[in-house]
Every structure is written in structure tokens, then in C-alpha cells.
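Okay, got some structures for you below.
In what comes next, chain A is part of two complexes: it sits with chain B in the first one and with chain C in the second one.
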Partner chain A sequence: MPRYLLTQSASFVVTLWAVLTLVFFAVRALPGDAATIMGGLDATEQQVEAMRERIGLARSLPAQYAAYFGGLLQADLGESLRERRPVTTVLLERLPVTLTLAGMAFVLSLLIGLGLGVLAGLRPGGAADRATLLFTTVALAIPEFWFGFLLILLFAVNLGWFPVLGLPPEGLTVGSSWNLILPAVTLAIPRAAQLARLARARVLEERSSDYVRTARSKGLLPNAVGRHIASNALPGVLPLLALELGGLLTGTIVVEQVFGLPGLGLTILGGISARDYPVVQGVTILAVTVYVLVNWLADLAQLVADPRLRAPT
Partner chain B sequence: MNRATIGIILFILVAGSALLATWLSPYDPIAPDYRNRYGAATSEHPLGTDGLGRDVLSRSLAGGRVSLTIALAATALTALLGGVLGLLAAGVGGLTDTALSRFFDALLAFPGFLLILLVVAILGGGSLQTVLAMGVAGSPIYFRLTRAFTRAELKSEYVTAARALGATRTRQLWRHAVPNFLGSLSVQAASTAATFLLVEASLSYLGLGVPLPTPSWGNVLQDARSYLTRQPWAAVGPGLFLAAASLSFQFLSDGLRDVLDRRN
Partner chain C sequence: MKRRRSIRNLSLLALVALLPLLGGAGLAQTLTMAMSAQPDTLDPQVTAATAAFQVSKSIYDTLIEVDQSGVLVPALASSWAVSPDGLTYTFELVEATFHDGTAFSAEDVVATLDRIRSAETASPKVNEFRAIVSVAAQGPRTVVVTLSEPQPALLASLASGWGAILPSEKLAEGHDFGNQPVGTGPFSFASWTRDNAITLDANPDYYGGAPSVDQVVIRFVTDSAVQLQGLLTGEFDIIDTVAAADRPAVETNPALTLVREPSGLVLVAGLNTRRDYLSDVRVRQALNLGVDTAIVMEVAYSSGSQVGTFMEAGSPWYPDSVEPFPYDPEAARALLAEAGVPQGWTLDMVLPQPYEEHILAGQIVQDFLRDLGINAQIRIVEWGVWLSDTYGGPRNFDITVVGHTGKLDPSGRLTGLGDPRTNYTGLDDPKLAGIIATANITPDHAARQALYTEALERIHEQAPFIFFGTPDRVYARQANVEGFWMTPLLDSFDFRDAALE
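The block that comes next holds the complex of A and B.
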């Protein structure tokens, strides 16, 4: 295995460990004691004590820490205090909605963001460039959830193309994924704007490089030059794409609330308000693990694509 | 008219309306008026009234004061926190540097909004808590910027000359390093303020930020969501205020960069 793969993988493991340790302490710093909450209002001292014993809060902190990582290795995230079911089961139930939503939003933002960014960058100052500038400026200044309101007002209330809220009782099916289009657009627009900005900057940078001048001077057609530029500029967008993709798992929180979609976002919000800490911890662990993983993969992909980056810094 | 000018004009309008909210507001933003519930937009109530009969325009004006204060306070906190620790890490070096860098790396490994949500969940909802949460979550960027700038300055020839003349480390930092990157930091800060306005609105929208009945743009919008179809202006109006404020900070940041940032 090449050296750069080894160091990257080691840093991935260390980062993940550090982050999961932070989560462990953060969850234990949440107000209120899980055993008291689980026992209910009229639990006696003994009952609360027994509960502490049962969910492992009576143990010392190092023992809890060991049990925490031991559980993680077996995908055991504890038991939801409110639903009295394994957190893993709850999460697996909610995951499809969030994943579908995040996937649709990601693809949309990729198409819009890269499309606009490359178009704008290839002809700076042109009509497409000015339109893109206006779009990115506005899209980054408006709050995501408010944009959702506007979409609901226009497409659900006035035009009636979409339902105002959520999913039908039978949940997420191929038919009801239509309901996810407005929330996906809501999520995609600000992310597309960020991508478009970066893609434009990268394309502009490539445009002024020597190989482009040479290609032009030997008479290569503008379209072919454009393809050269795009294929060299786009790997530079990878880190942002990773941040975006990795962040979408919890990036959907606000949008799920606006559209009433029962995904991970509503799950963690419900967990916070009901003080269901195993659930809060479970969603957090899942989200940060995916986030760290995706970013690591993007770093690797960049190293594979561009050998110049492999030199130790 | 360039972006900076538009930014300044927008900022004066938004900040002015927030500062003068008490005099500009036609009605009391907090006292309910049950006879006027869910009023449509009329000449007396340009944005209509909410579920408790309160004038939405008055609440938006008063909410601006709260939202802007929170966003600016959080920006100051996050820049100070990240900046001072970044300066410390670069100035002292060694183990301090490693420990601080690893800590901020771990913070950066969280998706931003999730980190803020966790801190708010730990501290409990509220205005001060919102400021603290955003202050912590935003600080890694400032830590990295300050640390990188300071290290570069400390290596430069004029600082070496100063050191040769007997300047202490503290003097090298405060007299030579800090003034040189304050401009770049303020560019970043204006952009952070624009983001924090949106984050505060999201938190308050989720009911985890500014507690009712105190209005902020976020919780006015949260309220408006529940009667969105009946009274759309109550949702559109405050959002426009918020967007204008965020836009003004973004433009100010662009303008500052053109003037101050040495990297360009």
C-alpha cells in the first residue's frame, strides 16, 4: 500500500476516534439524567437506581467509555428511552426518507451548481456569468426554510402540484417520492450556489493557464478547449462536494421540519425535546461517522487523481 | 453602484430599522390583541397579524434588533475565541499548538449545524445559549486563519529583524503579526455574520433559539409557518428583512475584501 494511503487512513481513524469521544462527553453533558427521565415522574429512588444500573449509568466513566466503543463496534447504539426499542432499529426505520431526500438534493445541486459554474467560468462577464452571480448571491442570502415556505406557497398552495405537507400514511414509496421534490429543491439551491461559485473560480483559474493558451493558438475549437478546462477544473471541487454530501445527513433537519418529513432530522429534534439521549447520540454518531468517512474518501480520491498532492507537506 | 455601496446602504436601512424599532413600530410587538387574529395584510397592518393578533411588521422590526444583536455578538465571540487561541497556538508552539490544533480539527469534523444543535441541546435553548453555540461552532475557521497568518508573519524577515533588536514574543505578536491580518479577519467576520443570521433564524425556527414571546426573525417565521396558507404575507415579510440583512453583510464582506485583504 502506498505511503500516502497509509497516512490518510491513520488520520481517518484518529479523527473518527476523536469525534466519537467528543460525542460521548457531549451526550453525558446533556441536562437531566436518563434514568430519572425513563423512570417517569412518580418513580421511587430505588426504581431510578435500578434503572441506572440497567442502562449502565451506575458504572464509572471509563467503564461507560469502554462500553460505548464496545457497543459501537457491534452497531449497538443502546435503547431509545421513549420508544423502548433499540436505537439502531429506530434509525434504520427513519434512514430511507433522509437518504432519498439527501440523494435527490445532492444530484440536483450537482447538476445546477456545476452546470452554472462551468458556463459562467467559460465566459466571464457574459450573460450566463451575470445570471449565475445573481443566483448565487440571492441563494446564499435567504434562509433555507424560508425558501421552502415560498416553494410551498407557489407550487403547493397556488398551483397545487405538490402536497403542502409530508408523506402519506403508508410512508415512503415510489409514488410518494414525488412529495420529496419541493424539499429536495429547497435543500439543493443554496448548495448549488456554493458549488457554482467554486466551480466558476476553478474554471477561471484553468482558463488562464498555459496549456489552454497553447490549445487555443493551435486552433482547437472552443468546445474542445472547454472540455479540457472542465476536466482539469472539476477535481478541485471534490472537497466541497464531500462536505456537502457528508453534511446532508443532518443538513436536512430544518427542511424535514418545514415539510413534516419523518427522517433523521425530526428524529434528533424529537430526541432533544423529549430528552431521549440515546436517540440524540445515535443520530449524532451516524451523522459524524458518515461525514468523516465521506471527507476521507474525497481526500483519497483527490490524492489518487492528482499525484502532486501526495508529496508530504 | 458596486456591491460595497449597496451593502452599506442595505446595512444602514436594516440596522436603522432595528435600532429605531420602538419608534417605527406602529403597534406593541408583544401584547396580544385577540380581536385581530390572523388579520390579512391591510394598510393598518402591512404584513397582517399573527395568531395572537400581534402586528407582524412590528414583530419583524423588533425581531431584527434581537436577531442582529445575536448574530453580531456570536460573530465577535467566535472571532475572538478562534483568534486568541490561534495566536496562542502559533506564538507558543510546541505541545500547546498540537493540542489546540487537534481539538479544533475534531470540532471541524462535525457537520456545522449538528454541532450547534448539540451545544444548544447541552446548554438549553435561549438567546445567550444560541450565541455561545454559534461562537463555539464557528471558531475553528478563525483558529486556522489566525494560526496560519501568525506563523507566516513570525517567519517573515521584518519580524526576524525585530527579534534581533530584542522584541519580546508578545510584542512580535501584538505589534507585528496582529495588525497585518486584522483586515483579512474582518472580511471573514462580515461573511460569518451573514451566515449566523441565517443559523440563528433556523435555530429559532426549530424552537431552540430565542424563546417566545421575544420576537426574532426566526421565531416570527416559525409562528408564520403554522398559518402559512391563511396569511402568506406574515411569512414572506420577515423573510425579506432577514434576506436583506444577510445580503448586506455578504456585500460588506466583499467590499472589505476589495479594500483590505492583502491576499488579493
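The block that comes next holds the complex of A and C.
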């Protein structure tokens, strides 16, 4: 176990460094920088150059790279070029919205996806199976921005159950997390569909295995057989679950845009169009960290759920 | 049909939603406005963004301001005098209090103008104050500004958003005005959650009298469809964007009011006069004759007035002598033939994302050019790329479409034209540059107007742009919102007299 943790930590640091270096140069390769954009149509070349000087973009690329990674070693993510405040502050302000949204979407997709998948797999060709097939096909075909907009029209405009705009002016509060239901559903549906398909396939696989035939032939009740199948099929779904959780973060970019939610998705979009390099890099760090963490957790969860993996080698 | 019914249902819903509010008379009144853009900062000295000044107008005051008819009127300066040689400006100040409780005095004006002129601030508007030699307080209520050369546009600069007066005490502390703005304005800053909302509280001690609403909430909503839905459900009292297709629905809804007034924009297709054929003035005139700009204005910008030179329609500076180019494809073809332009000439047309209306305008121009035998190939680029690669830097384009925002003084619009280094069209016309430079420092109003007229006539002839026109500024509000207005030319939001009836 300690060796496992050590190699995993080392690979995390290398992954983070590689991704961050890539992003560092990629955002700088885009034409234009924060100064040209803040200067707009009226600023002259000299004024833009002066602004570049003020926000620290006049230094050479290697100097900027060294300064940035030097700061990182001291847990300093730098300062937003546009907002003129620490990137850490910006991220901490935005993180709760995205985490809550992704968390709600994750639970929803888990409940809907696994539930439908297991139901469908236990009785292939039955009504539940056909309904699930229809659901997954439709859910995977509908683009998120369009589906989200439909939900707004129906539930916010026509029924008035939710405000049109995601959150109240003061941002995310305990009371306003209810408002995240529509975006969470939008985010969860396509993921639930994918999960349902995989869960169904795994259940079908288990159904045809020897132990199930034995259990059936010795007269075990169908419900008990179903429980056995489900508990053996589910560990195989866990790796996909981890991928899904990581994918939720990218999904939030679209959903936050549609619902106007002030989370990390809008932050990185705004950061790219304003060429706010430190902010883009900061969100990247968070995203990589979440990806790696989630994969670790999935590994661990698989250890817990599948005793065979724990056997001494 | 279905749409109309749903709107009727919506207004009913809106009424129901309003009922509890009616019952709670005496409660704090909040006015909510949806805004499509978002400020980059609330420090008025380090930004050039219209969105920043639209909001900061409520937080800060300027020495002078523009009234609803576009005339310069007193604000923090109760009066001002200009010496006959145009080199000394003396301002008498009103009594006012900053939101942090400190009293406004001449020292604040000195500190503010010193900061915007300092190299350290790196203000994108620093050139507008370049003629200032010194700013001095004469007692607490008088400020004297001395110039090196006459600069009649100074008053306009002081009346613009970047002329906002900041408290000297906080300036000395290096206060973060970008995130925690402090001014003397009618509203004090309460909070800003980015990409979400800015909340402003009424300033009961405002020198011009307390505003009627208690709070203003500005919501950032990029999507115009969401803005409209929020207006229909009553979530928003005012929205700053109404898509052309939605205007009839707003106009026919008795609970809503559509406001349509002239904007300060000049919409153009900029021509790169350093490129082949476009360097020939006959070709540029031919493009102006060969594009029906009335169609461009109507289809891409929904309405507005055509212009024939680089000045917004309706401006007192717009010369009576300049008419928009007529649509005359025959004359255009003759001019192109005369200039030796071959059939099938290919142009690089660069259009800025995410400005859908400019992209549409570009596509319409492309159609008209095709009729002239010119093949314009459209390249859509993101705004940051457009600024650094098309408008600035290497100026990689033959033709591009953009809107130039309103300026209180013509010098703001015209300076730089005629000098190939300072204008994206690259027009090299020292005579034009000379006329503009002279006009910029001519104190006598009539003489100045004559010079700008000459310059604008010359710009019409030189045609470094295809001149489109000035669009209407269209926004919508609930019918019960009274007293809200937007500053002419600057488009700033003015909530001082806004009230919910």
C-alpha cells in the first residue's frame, strides 16, 4: 500500500506538470493577450505595451514560466490578470457551485443509470428493457445546450418552478442549491444513459454465468438471484463511473453557460477569451487533481467491492 | 399562435408572482437589470470596456456629465471657466461625500487626475489627458488645470466614465478600486459575484439627492433569449438586449415597453488600404456604391440610419454636406473597370466572433460584392485574435466589419485617421491627419467645427471604410419602470431617477 501511494503520487505530480506546461504554452500561443483585449479599439500600441508591463506580461516566456512554477512550489497560483486578485480566491469562490452541480448530477446519474441498467438487464426484451433502450438512445442524441434550454422553457418559464437565471445575486447558498436541479438533470441525463448501457451489459453477462444457473436450478427466488447478479456486476461499472465523474467537470462548462451559473466552467471560458493565463492554469490544476483523485477513489472502491482483488499475490 | 398564448399565460404568471410584492408595500425596492456584457474591472482608470463604464457610472461621479440631450452639464463641478487662450481650466466644486465617509474636496480631483496620468497606472485613456501640465487645488473647493496646448476635448474626457473622481485617501493607500470601488455616486458598491451579479445600494447622502430605489441588482446574462424570458417572468425589470425577432412580441405586450433610441455607434466595413486594389480610392468608392448599406442596416442591425462618413448619424458634428453613398452597382462596376480590377478578385474578409450581427453584415456585403464580380472569402476569428491580428499587429485582412463606439467629442473618434501607423485601415493621408490634429487643438468652437467638417468630407471621399450607419439602441423594460435612461453616446446606465411605479 505505501508503495502504491508513492508511485501514484509521483505519477500525479508528473501528470500535473506535463498538463500544466502544455496549457501554459497553449494559452500563450493564442494570438492576443490580456493587454490587447483590455485596451480594446482605443488603446494605442504604446498604451498596450504599458499595460503589458503593469500586469507582468512584458517578461520573456522562460522568465514567466520560471516565476509561475516557482510560485506553485510555494502554493501560490498567481494573480488573475483581469480581476487583479489571487487565483486561489477566484477558484474558491467558484468551486462550490461546480462541485455542488457535479455532485448532484453524479448522484442523479448513478440512481437513474444503475437503476435502469439493472432493471433492463434482469429481463432482457421486457418492457423495462425496451423503455431503457429508448431512453438511452434519446438521451445520448440530445445535445446538452438544447436539452437545458427545453428544461428552462418548461420548468422556469411555463411552470415557474425555478428562476430563469441559475442562482440569486448573492450566489450559491443553502437555500438556492435547489435551483441547481435543472442544470444537474441536464448534466446527468446523458451520463445516466451511458451508465445504464454498461450496467445492462454487465448484468446480462453475469446472468449467463454458471453460478446463476446453479442458483436458479437449486430454486433460489428470482429476487435473491437478482441481488447476487447486481452485486457481482456493479464492480465492473466502477472504472467507467470514475471516468464519468471526471467528464462531469467538462460537461459543466456547457451547462453553466446555458444556465448562467457562476462556476468553474464559466471561469475557464471567460479566462480563455480574456487571455487570463493564470486563471486558465488554475482551473487546469483543479481539473487534473480531480481526475487523478477520482481514479484513485475508483481503484479503492473496486478493492472494497471486489474481494478477488484483495487476495494475496 | 401557440407562442402568443404562452406569452399571455406568462403575463398572468408574472402578475401572480407580483401579488406578494404588492402586499408588502414599504419593503425595500430592488430594481433588477439584465446586462449582456460584464465589466472587466470597476477601476475606471485601467479599462476601456464600455461594460465597465456602464456600471461604474452609478458608483462614481465625474466633474461634468452629459444630460439626456447630450449636453455637458455640471456634476461634481458646479461651474467651470476656460481662459481665453484655452490653457487654463478652473473648476468650482460642490460639497459631496464619498461612500467611505470622507468629504469630497479639491485634493481628490488632484489625486485622481495625477493617478490617471501616471505611467504606473498604464491607463488606456491616458492620451486624453496628455495636454495637462499640472492640476492644483486652490482651497478646498477650487481646482485649476493647466494645459500645454489647447485641448477642447478635455471637458468631454472629464465627463466620460474614465473621468470618474476617486477619494485621495484611498488612492494613497493603494486601494483595490477594481474589486472594491468607492466613489461619491448615487449608489454604493455592495457586492460582485463574477459572471452572476453586481449589487449596488442606494446612497442616502448622494449630493444630488437620494435615488428612489433602495437597491440595484445587475445580472450578467449573455443569452438574449434568457434575458427575454427573465423579463417575461418578472425576474428582470430591464434587459439591455432584445433580439430583432423578439421585438414585435415585446412591443405588443402591454406589461412591457420597448425603448428604441439612437446609439452612438458607427458601423463600418474597414478596408485595408495597404492592400492591392484597395489602395486605389476609386476601388474603395466603388465598394461603397456597390453595397446597399440600407439593406445591411435593416437585415444585420434591425434598423438605424445610414451614414456617409465616420461620424454617427444625428451628431451635431455630422456635416450637412455629406450624404450616404447611393446604391449604384453600375457606377461601381464602371469604377472597378477603370481601376483595372480583374473579375474574380479575391478578398480576405475577417469577421469577429462572437458579434453575430457583424458576421451577418459581412455575409450580406459578401453577396453584394459577388454581384460586382468580387469574391470575398470569409474568415471568422475570435475577438482576441481579431484585436491582435486584424485590428492591430500585422493587420491581416482586406475587409472587416466592426462597430466604433460613441465618443462625446469628435477627436475621440477621428484622431489617428490619416496616419497609417495609428489606424487599422492604414490610410496614408497626411493632409487629413493634419486637419484633425489642428481641429483637436482649436479652442474656437466654430473654427473647430469647420475643420472637422472638412476632415469628415475628406474621409467620405477617401472612403477607407464602407460606411454602414448608426443602429438604434434597443432595450426593454417592465412598463412600471420609470425614470431609467442611458447616457447618450456613452450608453451608461443611469438609475438615479429610476422608480418602480
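We take it that the second predicted complex is superposed on the first by the 225 of 313 C-alpha atoms of A that agree within 3 Å, B and C clash if a C-alpha of one lies under 4 Å from a C-alpha of the other, contacts with A are read in each partner's own complex, and residues count from 1 in each chain.
Convention: a residue touches a chain if its C-beta (ideal position, glycine included) is under 8 Å from a C-beta of that chain, and two chains touch if they have at least 3 such contacts.
Please read these numbers as outputs of a predicted model, since none were measured by experiment.
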For A:302, is the partner it touches chain B (first), chain C (second), both, or none of the two (neither)? neither
So, does A:280 touch the first partner chain B, the second partner chain C, both, or neither? first
Is A:163 contacted by the first partner chain B, the second partner chain C, both or neither? second
Applying the document's definition of touch, where does A:254 land relative to chain B and chain C: first, second, both, or neither? first
Touch check for A:209: first (chain B), second (chain C), both, or neither? neither
First (chain B), second (chain C), both or neither: which does A:270 touch? second
Which of chain B and chain C A:93 touches, first, second, both or neither: second
What is the contact status of A:143 with respect to chain B (first) and chain C (second): first, second, both, or neither? first
Please work out whether A:152 is in contact with chain B alone, chain C alone, both, or neither, and reply first, second, both or neither. both
Show me the chain A residues, by the header's touch rule, that chain B contacts in one structure and chain C contacts in the other. 30-31, 149, 152-153, 157, 164, 257-258, 273
In their shared complex, at which residues does chain A touch chain C? 30-33, 36-45, 47-48, 50-51, 53-54, 82-85, 90, 93, 149, 152-153, 156-158, 160, 163-165, 167-171, 257-258, 260-262, 266-267, 270, 273-275
Note which residues of chain B are touching chain A in the complex, please. 102, 105-107, 109-114, 117-118, 121-122, 124, 194, 198, 201-202, 205-208, 218, 221, 224-225, 228-229, 232, 235-236, 239, 242-243, 246-247, 250
Can you check the complex and tell me which residues of chain C touch chain A? 6, 9-10, 13, 17, 34, 40-41, 43, 46-49, 119-127, 176, 178-179, 191, 193-197, 199, 217, 219-223, 225-226, 229-230, 232-233, 235, 382-385, 387-389, 391-393, 402, 404-405, 412, 416, 422
Name, in rising order, each residue of chain A that touches chain B in their complex. 15-16, 18-19, 22, 26, 29-31, 137-138, 140-146, 149-150, 152-153, 157, 164, 246-247, 249-251, 253-254, 257-258, 268-269, 272-273, 280, 284, 287-288, 291-292, 295
